[in-house]
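Presented below are the structures under discussion, each in the form of C-alpha cells.
Here come two complexes built around chain A, the first alongside chain B, the second alongside chain C.
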Partner chain A sequence: MAYDKPIPSQGIHTQPFWAGTKEGKLMLPRCEDCNRVHWYPRLICPHCHSKNLEWIEGSGEGRIHTYAVQHLAFGPWQKETPYVTAYIDLNEGDRMLTVLKGVDPLKPEEIKIGAKVKVEFEEANEDTFIPFWRVIEE
Partner chain B sequence: MPGKLFKSAAIVGAAEADEIGFLKQPKTSLQLHIEAISNVCEQTGIPISAIEGVFSTGWSSEICEHLDLKPKYIDTTAVGGCSFEMHVHHAMAAIHSGIIDIALVTHGENGFSANKIGGRGAGNYSTGGPSSPSLEMTKAYGLGGAPSNYAHAMVRHMHRYGTTREDYAHIAKVTRDWATLNPRAAMYSKEKHPFGGPITVEQVEDSRLIAWPLTILHCCMVADHGGAVIVASPKVAARLKTKPVWIAGAGESMGHSNMLEMDDFTATSAARSAEAAYTMAGMGPADMEMALLYDSFTITAAITAEMLGLAPKGEGHMLWKDGRAAPGGSFPINTNGGGLSFNHSGMYGMPLLIEAYRQLSGTAEDGINGDKGKQTSAKTCIVNGTGGTLSTTGTLVLVADD
Partner chain C sequence: MTKSIKDMRPVYVVGIGLDQYQRKTDRPYVELGLTAIRAALDDAKLGWPDIESFYLGTALLGMAPGRAMIKHLGTTGIPIAQVENASASGSTSFRQAVIDVACGLTDVSMAAGVDKPGPPLRGAGGGPRDLVGRGTAPVAHFALLANRYMAQSGITAEHLASVAVKNHRNGAMNPYAQRQKVRTMQEVLEPPFMAGPLTRLQCCPVGEGAAAVVVVSEDAIAKFNIDESRLVQVMASVSGSEQLYPPGTDIDSELTRITVGKAYEQSGIGADQIDVVELHDAFSIEEILYAEAMGLCGEGEAAELIAAGAFDIGGRCALSPSGGLLAMGHPIGPTGTGQVVEVTRQLRGEAGLRQHPNAKTGLTHMVGIGAVCLVHLLQAV
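Up next is the complex of A and B:
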C-alpha cells in the first residue's frame, strides 16, 4: 500500500540527511569546531555558532527520553490510533521525534523511559525514506 | 530593592466581549475584539480615540484601521497564549520610556465559532513554514493538536518525580470548583453546559483518553473569547474612575519553538521570566497571595507553579491536592475557573490579565458583597502565561493599589 501519511518537504541544507536515509544511514550534522552533534540540522552550530558543519554517519541507536500515546489524531494518522510517539535521545547526543515501533499502545505503562531503540527507514516515496525507531530491548 | 520599571505603569481597566464561551450565534474574532475594546473604554472612561499604543497578536494594524486610530506605538508579538503578558511588559516599557501614556492590549479569538464560520484568532506563531527544518524533521510523526505534544511532558514529569496522573487530576477538580463560583465560566453548571458543574478526581481519571496520559478533563476547552485591558502611566491612572492595579514586575523568555528542542521536559522558561519579574518587583514567591497560571493542561499549571517558586520541584500539584489553591484555601489559584473550566479560545493569556485585574481591584463578581463567590482578599498576584508547546512564557507581578 502506498505511503499515505504526511511526507516532509525536503530543505536544501538537509539534503545529505535525506540522501543517507535512502542507503539506510542516519546522517547527523556535527560541528567541526566544537565537535558536538545537533538535531534538527542547522545552518549554523547552535552550540558555538560556527559555520563549519559536517555530516557524520550516526549509529542509529538511542534511548527513549519520553513518550505519549495518541488516541486523537487528524488526517491520515486518524486510522492509526492509538499509536505511540516518542522523543529519542541519540547516542551521539541531541534528540529526535518518532512514532515508536515495537510497543503496545494499549499498555503504555510497560513502555520504559531509557529503553534502547534502533532506527529503521520506511519508503514514503522515491525520494523520501522516513526514519522510525523501534524498541530493541528494555 | 525594586528595579527601575517598578510600578511605572498600571492596568487601569479590564473587560471582556459582550458574550464569551460556546456562542450559539457565531461571532468573528474581530467582533470579539471590538466588543472588548468598547467595553474597556467605557469602564475606564478613556475614549477610544485617546489610545496611543496598540498591542495584539498580529491584529494591531487591522484594529487600528477599524477604529481609525493613528497610534504612536504598534506591537504584534504573537508567540502563543502568553503573548498578552508580554504585551503588558512591552506596554510598560513604552510608557516608562515616555513614548506613550495609554496602551491598549486586545484579544479576540473565535475558537468555537470558527468551526461554523471560519476565523483566524491566533497570530501566525506556528513553527515555521515549508522552509523550516524543525518542521521538516517532525512533520512525519503524527503530532497534531496541543495535547499530542503536552502529554510527553507529563510522562517525563511522572518519570522524574514519581508522581501519578491522579496527582494532576486534583488540579482539574479544584479548578472546576472555582468555575462553579463564576457564572461567566463555560463550565459553571449543568444548566450552562451539559458537562458543566462540579467534577470529581475519579471523573477526571475516567474521562476519554486524548493523548495518554491526558484524558479530556486534563485538557482546556476551545471556546470563544474576547478581552481587552488598558495599561496607563501613573499620571493617567490618577485621574481615572477605575482603580489601578500596579505592574510591580514583568519578565519574558522562551525555551524553544518546536518541542523537539525542549531540553528538559519538566521545566519551562517561566523560571527565567519569573526571576526577571520578581527582581523588578523586589519581591519573591513568599510575597505572592494568589496566582493565575496558564492551565492549557493540568501539567502546564503544575510545572508552572514549580518554575515560579510557589512549590518545590515535583510538588507543584500539591498546591491543589491539599486544598491551598481551592476556594477558601490559603493560596487561591485560577480563581476564574482557568482555561480548564472558565474559557480558553486558543490563546488564554488575556483571561489571566482580566481575572488578575478583577481580583486585585476588588471587582471580581459574585461574592464581592458576601461570602459566596470568588472574590479573594489577595493584594498581590503572580500571573504567568505559557505559549506554544511549553515554549514561551510571560510573567507579571501585580499589586493592588495601597
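Up next is the complex of A and C:
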C-alpha cells in the first residue's frame, strides 16, 4: 500500500541521512572536533558549536528509553491509532523519537524500558525511507 | 556586575483581573481582554491614564492585537508591545512590566494576556527530527515522560490521576475556571486515553480567556494612596531557556530546576517557605515532575504526597489552588498572567473557598515550547 502520511522534508544538511536510509543504513552526524554524535542532524554541533561535522554509519541498535501508546493523532496518522512511539537511546549516544513496531498497543505492559531495539526502514517514496524500530531482545 | 529584581526598586502587584476561561465563544478577544483589564484597574483603584506601559501576552491572535483592544480605553501614547513566548507568553508580559517598574522606567505598568483558540497548526512532514510525523499532539511527549517516571518510581495510575482529582476539586471552587466540576478518581481514570496513561481529564483544556495585572513602585503607592494592607511584592523574576545538559538528563525537569533555583537564590527564599504554587500542569505528570524539580519534596516522592493530600489547599503547600491548567484551563496567552492573579489573591487572603491558610509566599511557573521557563516569587508585605 502506498505511504499516505506526511513525508519528512529533506535539506542539504539531512541529505546524507536520507541517502543512507535508501541503503538500509542509519547514518548519524558526528562532530570531528568533540567526537560526539548528535540527533537530529544540524548545521552546527550542539555540543561545541563546531561546523566540522561528518557522517558515520551507526549500528542501528539502541535501547528503549521510554515509550507510550498514542491514541490521539491528526490527519492520516489518525487511522494508525493506537500506535506506539518511543525515545530510543542510540548505542552511539543521544536519543531519537520514533515509532516502535512489532509491539501490541493494546498490551503496553509487555513493552519493557531498556529493551534492545533495531532500526528498520519503510519506503515512503523513492527518495524517502523512514526509520522505525523493532524490539529484538528484552 | 549584573543585578536581579531584588537589587532594584521594589515592585508590587496592586491590581488583578480575569475574564473567565472557557470554551471558545463568539465574543471578540477585545471584549475578553477589556473585561480583565478593567477588573484589574478597578481592583487597583487606578484609571487607564495612570498606566505608563502595557505588555500583552498573546500567541494566537496575529500581528499587534493589543492596540485594537486598548484604544477603547483611551489613546494615551504609552509604550505598548505584544509578547509571544508560547505557553509562557503571559508570564513574559508580566516580567516585562515588572522590569519597567524595577528599573524606574515607569511607576505604574500593566501586563495582560488574551487569546482565543485558532485552527490547529499542522505543518507538512518535518525533517528527521520528527519521525513520528506532525500527527501527534503535545500530549505525546508527556505520555512518554509519564511511562518512564512510572517505571522508575513504581507509582500507579491512581497516583498519577490524583493530580487531576485534586486540581478539579480546586477548580470547582473557582468561578473563573473552565472546568468547575469535582471529579472522582474513577471519573479521572475513565477512557478516553489521549496517550500512554494520560486520560482526557489528565490533559488541560485549551479555551479562551483573559488576565491582567497592575504593578507599581513605592512612589506610585504614595502618589495614589494605594491600600498597603493588600500589597504583594515581586521577590524574584527569572526567565530561562533550554541549554545543553549532560547525556541522559530529563530536559523538562532540569530547565525547571535551574530556573526555580535562580529565583530561590536571588530572593533568599527557600523551597520550605513556599505556601502556594501555580505551575504548568498541562498534563498530570508535569505537576509531579515540577514539584520535585522545585524542591517541594524529594525525588520520587511527589506522586504519593499528592495522593495523600499533602499538596491540597490546607496541606503543607497548596499546589494549583486555582485548579491549575488542568481545571482552570490553559488559554495560552492569559495563563501565566492568570497564575499571578491567583497567587496574589491567595497572598491577600481573598481567595474565598479556595483560600490556603496563612499564605505568605507564592511561586508561579510556566514552561513553553522553545523551550522556555518563567518563574516569579511573590510575597505578602
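Going forward, the second predicted complex is superposed on the first by the 138 of 138 C-alpha atoms of A that agree within 3 Å, B and C clash if a C-alpha of one lies under 4 Å from a C-alpha of the other, contacts with A are read in each partner's own complex, and residues count from 1 in each chain.
Operating definition for what follows: contacts are C-beta pairs under 8 Å (C-beta built on N, C-alpha and C of every residue); 3 or more make two chains touch, one makes a residue touch a chain.
What you see is a predicted model, and the numbers here were worked out from it, not measured in a lab.
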{"item": "Overlay on chain A: chain C relative to chain B, clash or fit", "value": "clash"}
{"item": "Partner chain(s) touched by A:Asn35 [first = chain B, second = chain C, both, neither]", "value": "neither"}
{"item": "Which of chain B and chain C A:Asn52 touches, first, second, both or neither", "value": "neither"}
{"item": "Chain B versus chain C as contact partner of A:Lys5, first or second or both or neither", "value": "both"}
{"item": "Which of chain B and chain C A:Asn91 touches, first, second, both or neither", "value": "neither"}
{"item": "Partner chain(s) touched by A:Ala73 [first = chain B, second = chain C, both, neither]", "value": "both"}
{"item": "Doubly contacted chain A residues - partners chain C and chain B", "value": "5-11, 14, 39-41, 65-75, 77, 80, 85-87, 96-99, 108, 113, 130"}
{"item": "Residues of chain A touching chain C in the complex", "value": "5-11, 14, 17-18, 39-41, 46-47, 65-78, 80, 85-87, 93-94, 96-99, 108, 113, 130-132"}
{"item": "Contact footprint of chain A on chain B as seen in their complex", "value": "130-131, 133-145, 147-148, 151-156, 159, 208-214, 258-260, 265"}
{"item": "Touch list for chain A against partner chain B, complex", "value": "5-11, 13-14, 39-42, 65-75, 77, 80, 82-83, 85-87, 95-99, 108, 113, 124, 130"}
{"item": "Chain A partner contacts - residues on chain C that touch it in the complex", "value": "120, 122, 124-137, 139-140, 143-148, 151, 192-196, 244, 247"}
